[in-house]
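Across the two complexes that follow, chain A remains constant while its partner is chain B and subsequently chain C.
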Partner chain A sequence: MCSEFCIETHDLVKTFGDKTAINHLTLAIPNNGIHAIVGSNGAGKSTLFRLLLGVDTPNSGSIKVYGESATNLSPTTRAKVAYVNEEHTLPTWMKINALLKMQKHFYPKWSDTIYNNVIGFFDVDPNQKIAGLSRGERAGVNLAMVLAQQASTLILDEPTLGLDVVAKQSFLEALLFAERESESTIIYCSHQMEEIERVAENLIILEKGQLTNSSTPEAFVERIKSVMVEAEHLGLSASSLKAEVFEKLPGFINTKSIDESYQLTFVDRTLEQITADLNARSINISFAQNVSLNQAVNAFLSKHHSRPSQAKHTPA
Partner chain B sequence: MFELAKSEFYRYQKWACLWALVVLGVFLFSLRYQPFLYPDQAKSALNNLLMLGGSFMFGALQIVLHRRKNHWTFLIHRPLPSSGICNAILLAGAAVILIAVGAPWLVMVAGTDVFGSSLVEFRHYSYIVYLCLTALMSYQLGVLIVLNASRGIVLLVGLLVLVLAPKADSHLAQFAPVIVFNGMLYYLNKLSFKPDLSTYLRGPIAQSLLAVPMSFNLVYLLILSTVVFYHGPKWALGTHPDTNPVDGSLSYTYSLNKDELVYYTLENAKVFAPDLANSIRLQADESNYHWIAASVRSHPRSHQLHLDDTSYQLVDEKNNINYQFSHKHMVLLGKHALTGEPAGVIGQDGFYRSLSEFKQNKESAVFDRVPYLIENRYAAFGNTLLSINFEDQSVSERFRLRDNEYLQNMPYYMREGGFISLFTNQRIILFDSQRFAYEYETLAPNFAFDLPDTIELTNILGFELADGFAFIIKDKGHYSGVGAKTHLIHVDYAQNETLVASREYTVNRHPNWIEEIDYMLSPLLYVMRAEIMNALDEALAIPSDTSEMTVNLQAVIVHVISLILLIILGRKHELNKAQWATWIVLVSSLSFPALLSFVLLHPFKGVYFKKPQRLLSAKPQAV
Partner chain C sequence: MSTINIQITTGDPRPIFKQIVDGIRMQIADGSLVEGAKLPSVRGLAMQLTINPNTVAKAYGELTAQGLLESRQGLGLFVSEHRQQLSEQEQESRLQKAINAFVNEVAYLDYTQAEIIKETTAALQKITKKGN
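Presenting the complex of A and B:
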């Protein structure tokens, strides 16, 4: 059964003891394109991937990959989905060429051309053991093998974690090269906004196991507004201002004190609405700021991010 | 699949070869002390510990390494069915086991066959097959214990006892259990090998295959638990029957001296020969006492595994010839100790210069059964005791038992009294050891008496009297002591046997529910265990009779409570009809141990004791 979505979840829930990792998640990722999944630590990204690959079972709800339940994926469907994790797990006791020979056996669509093109971005000796590769080289081999499988969907879970600048650059170039050559769907999970900005066509944000955004990066940035205000005249301290004034504003996310001014960030509010809300509290906007994707995501995620309490951290 | 198996094998290939070389080195070193095929129990135990323990650890380690974060995903997420991946892993593991366990043994046995002077036959090679099968079983146990979500699976290690403990009395009994268990473990491993390892097996067949052996072993754990709530506190308080023997119980007799035992046996006894009883009382203090071993041992079996042999060879020291029993020809084959050249044959009717000469007289020469070889000069088998004289190169019949009578153990040398005792299925026979050794005289027993129709024997106490010999036999009755007796038997020099007195013991040192806790917990398991073990090794003779009314009633109560608890606990797990039927049958038949198996084979966390759920935040709007 052909579905227009490679991945679909419906009211998905996964708990680990008292902790809810995935919280009634309903998500549909369409075929093709590069979809970035972003979220703070513990948002449920890795859990979602584990559920997708069937190595974990949801408590309730459903999750499907190409129309098949993820808890019972057939070999044919598994061949359609390639997965790269942050550790670039490979059999360390094997040599690269032996590993290639084994992998070719499993994937009938294997393309030596794609493998050779991608591995060309990295400088590896095919007779070398996997255990002897650096992290960047291992990432390159892993990516080349995964792309050579010509899977319909490629899931990358923080693939550039721990890579140096050069290796990271090579990895992203190889990924974009492969994406141009094929019509596969790429699901890219990363904390690196510059990577997301560079590659993603769709931005999915997970917070505490819930879906809080699924749109293009540009559309998401549009949701976030940042303004500079001065509030000295109110005669309140910064903490009082935040607690008694700013946090009561609709759509308020966070504030940053810069000299005697405050940078306020809002979500899902127009500039006019923000101006009106501030004016009502006798606060004028000095100017509105452009927001980068990095700033927008950071501000968005910081809203529910845990912070240490004052009492715990009072110096002795 | 084979590519994956090859990759997995290469991972451990070097370690397997290294292990095999180290083991081979140890084997070669051991040649300094004894021939490699010498049936040494300590060596056998160490071999089992290393090979089987090592195989178990390897299986567990193999899966532990695959279960690491991301490694399991890498293994599972490929276009192969889970069963194919499982087969690849197990195939590789089996190959590693064959190298590590089988190869050193094969090298040593083949090397001994070709270059050594020891007799090597098919049974020596078949031991290698048996060892490899047992090692594979251990390996699969290690795999299953790590693979399966239930940690209670570790109880399945007890299956090894069923394989190793009995001295099998047939080839079927030797090989069938280990083959069947390998098949069963393979099936369970295939079922357990799924993408999500945190899910429990729910199928009725799988749960039954797990629950039954787990229940067997849980019985032993439950018996051990009596240390916590019964034996331990009693010891601590100083009231334990072991240190405070209960007068009137059979166990009280264990605390008595030998002469005190005589008086105790006669106290409150049914006396059938009062004069003899008085005579024995008078002589008891001055008598010499001797313990006579009365444990049943399986007779050596034709083509048995060589490590089950009780003896290795007879040695003609003058001519430097070693005679080992050939299970193929059923005679003793001689080989020169230094050259290994054939050097004659000993049949049950005499010495032969060569195998061809023996074959001309084969019918009379072959031994009816595999004999015990004793003291380098005797061969005992069935109802015959032969004396072998290397000086005269002759074989003579030293003693023959009655028809339908056979030895139940090797002849036993009682050093204290200078007697040799024979324990048969019908009698205890004592021979003077000096007369026994003087083979030019017909051997007649000094004393012999027919054994009473007993359920279970323990050591027999014999003591010399002026007019003969007396024996005290302890009959444990039912295994817990119900119906226990002691019998005092007198045999005079004319071999007249008299049952002097019998005392019955009606008091137990422990309450019934402790003495018979294994029966109470599950009568069916109790009977099954006995029947299975006895079927594998009839010498074990584990009693399998049912108990008395009180204990049976207790068992019924335990059954009912177990069923009620099953219904309460089962409802928490939302079982389907097939699962309900399976567990009702299991708990109805196997009782409390099966209920514990149920708990172990189902998730525990968050099922029986649910914490109030924190309110989840409202669902977000669709974006």
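Presenting the complex of A and C:
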């Protein structure tokens, strides 16, 4: 089955009791490339993965893997997808050796070279039991085995969590070259912006089960604009200037009060538009700031992020 | 093959691809990458910097489009001969920008206009001699 997209969802909904984990999500992930999925905790990333693998069934909408419905995947299509869960769950009672033998048997494209290249960075003995490995070592074994399968699509749920600096570096290298040399599609979710900036070509942002960005990281940063305004320009002291003044501005995301100034962040507005909007309220911009990917994602996600209600902040 | 001395900074407002373009351009400008020098392979530089090889490919593409690098069939990428890449208009605007910055810097110093011109001319003559 030849399809331009390895994964396509249409109007997908998944609820758990009263909680909507995936909220009318329409998403298409093209073949090849490294796609990073970012979102706050509980944004629906892991649920999306479970739906993709057919482990969970959606309430409504469709989800397709290589053109086939994920609720009814053929063994051939299922074999194209490799998955690593957050916990690196492996059979604890097995020895690494035995597990390897079993895995090799399952995957016709298995590569010992790739396995050895990755596992070489971990001090594990093939005769060790999985139960005896540290979290990082278990992650290493799991990731080495997944990369060695040479699957067409790799789905990784926070793969580098718990890896030491050296192991992380070698894993990322293996990942980068898996994509380029065996033309895999890698879909991976992480909270580590530094890593995403280095490896991801496509940045997918999920918020409360909805898609809010799918573009290159550079294009995403372009969506976010940050400006500084000085309270004294307003003829007001900083304390008398309330955030509500800014909240009505189009595209406004958040504000931070820094000494006598305010840093304002906007989404999907040009600098000219922001200047005009502020000027109309007799506010002048002192300067516009460039933002990094980390700052852009942080500002973007903060808008809808859960936070303690104001009342809890004020001492009684 | 020449080695590329670039440090990638994550969390920088410049995207990584731009950091590579700027870094290589700077190395060509300061002479650490000479005309005809061979650049590392896409894979090699990606490995060195632990970044996506496609990002390196994109940066190389940009530098090639700007005429700073040229690809030789089957041999790789090389630093091309120096040619002026900027349009007349762009050159004029850059000159104006540099002059404005310079004037700003010297305006508050206690030199007469004649003295400033004399010093500037002398400095310019030095680089012209080098250039010839």
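Everything below uses one rule, namely that the second predicted complex is superposed on the first by the 293 of 316 C-alpha atoms of A that agree within 3 Å, B and C clash if a C-alpha of one lies under 4 Å from a C-alpha of the other, contacts with A are read in each partner's own complex, and residues count from 1 in each chain.
The rule is simple: a contact is a pair of C-beta atoms (placed from the backbone, for glycine too) under 8 Å apart; a residue touches a chain by one contact, two chains touch by 3 or more.
As the structure is a computational prediction, the values presented were derived from the model and not from experiment.
Asks: Please indicate which partner A:Val221 is in contact with in the superposed arrangement: first for chain B, second for chain C, both, or neither.
Replies: In the superposition, A:Val221 contacts chain C only.
Asks: Contacts for A:Val199 in the overlay, against chain B (first) and chain C (second): which applies, first, second, both or neither?
Replies: A:Val199: touches chain C, not chain B.
Asks: Mind working out whether A:Val55 is in touch with chain B, chain C, both or neither, as first, second, both or neither?
Replies: After superposition on chain A, A:Val55 lies in contact with chain B alone.
Asks: More chain A residues touched by chain B or by chain C?
Replies: B
Asks: Could you look at A:Asn290 and tell me whether it touches chain B, chain C, both or neither (first, second, both, neither)?
Replies: So A:Asn290 only meets chain C here.
Asks: Counting only touches as set out at the top, which of chain B and chain C does A:Gly162 meet: first, second, both, neither?
Replies: neither
Asks: A:Thr76 contacts which: chain B (first), chain C (second), both, neither?
Replies: In the superposition, A:Thr76 contacts chain B only.
Asks: On the A-aligned overlay, A:Glu173 touches which partner chain: chain B = first, chain C = second, or both, or neither?
Replies: second
Asks: Note which residues of chain B are touching chain A in the complex, please.
Replies: Touch list, chain B to chain A: 3-4, 6-7, 10-11, 69-74, 76-81, 195-199, 605-606, 611, 614, 616-617, 619-620, 622-623.
Asks: Okay, in this complex, where on chain A does chain C touch?
Replies: Listed in rising order, the residues are 33-34, 169, 172-173, 176-177, 179-180, 193-194, 197-201, 217-218, 221, 290-295.
Asks: So in the complex, which bits of chain A are touching chain B?
Replies: On the chain A side, the touching residues are 17-18, 20, 23-24, 26, 50, 53-57, 71, 73, 75-76, 78-79, 81, 83, 85-87, 89-91, 93-94, 98-99, 101-102, 105-107, 208, 210-215.
Asks: Of all residues in chain C, which touch chain A in the complex?
Replies: Residues of chain C touching chain A: 8, 10-17, 43, 46-47, 49-55.
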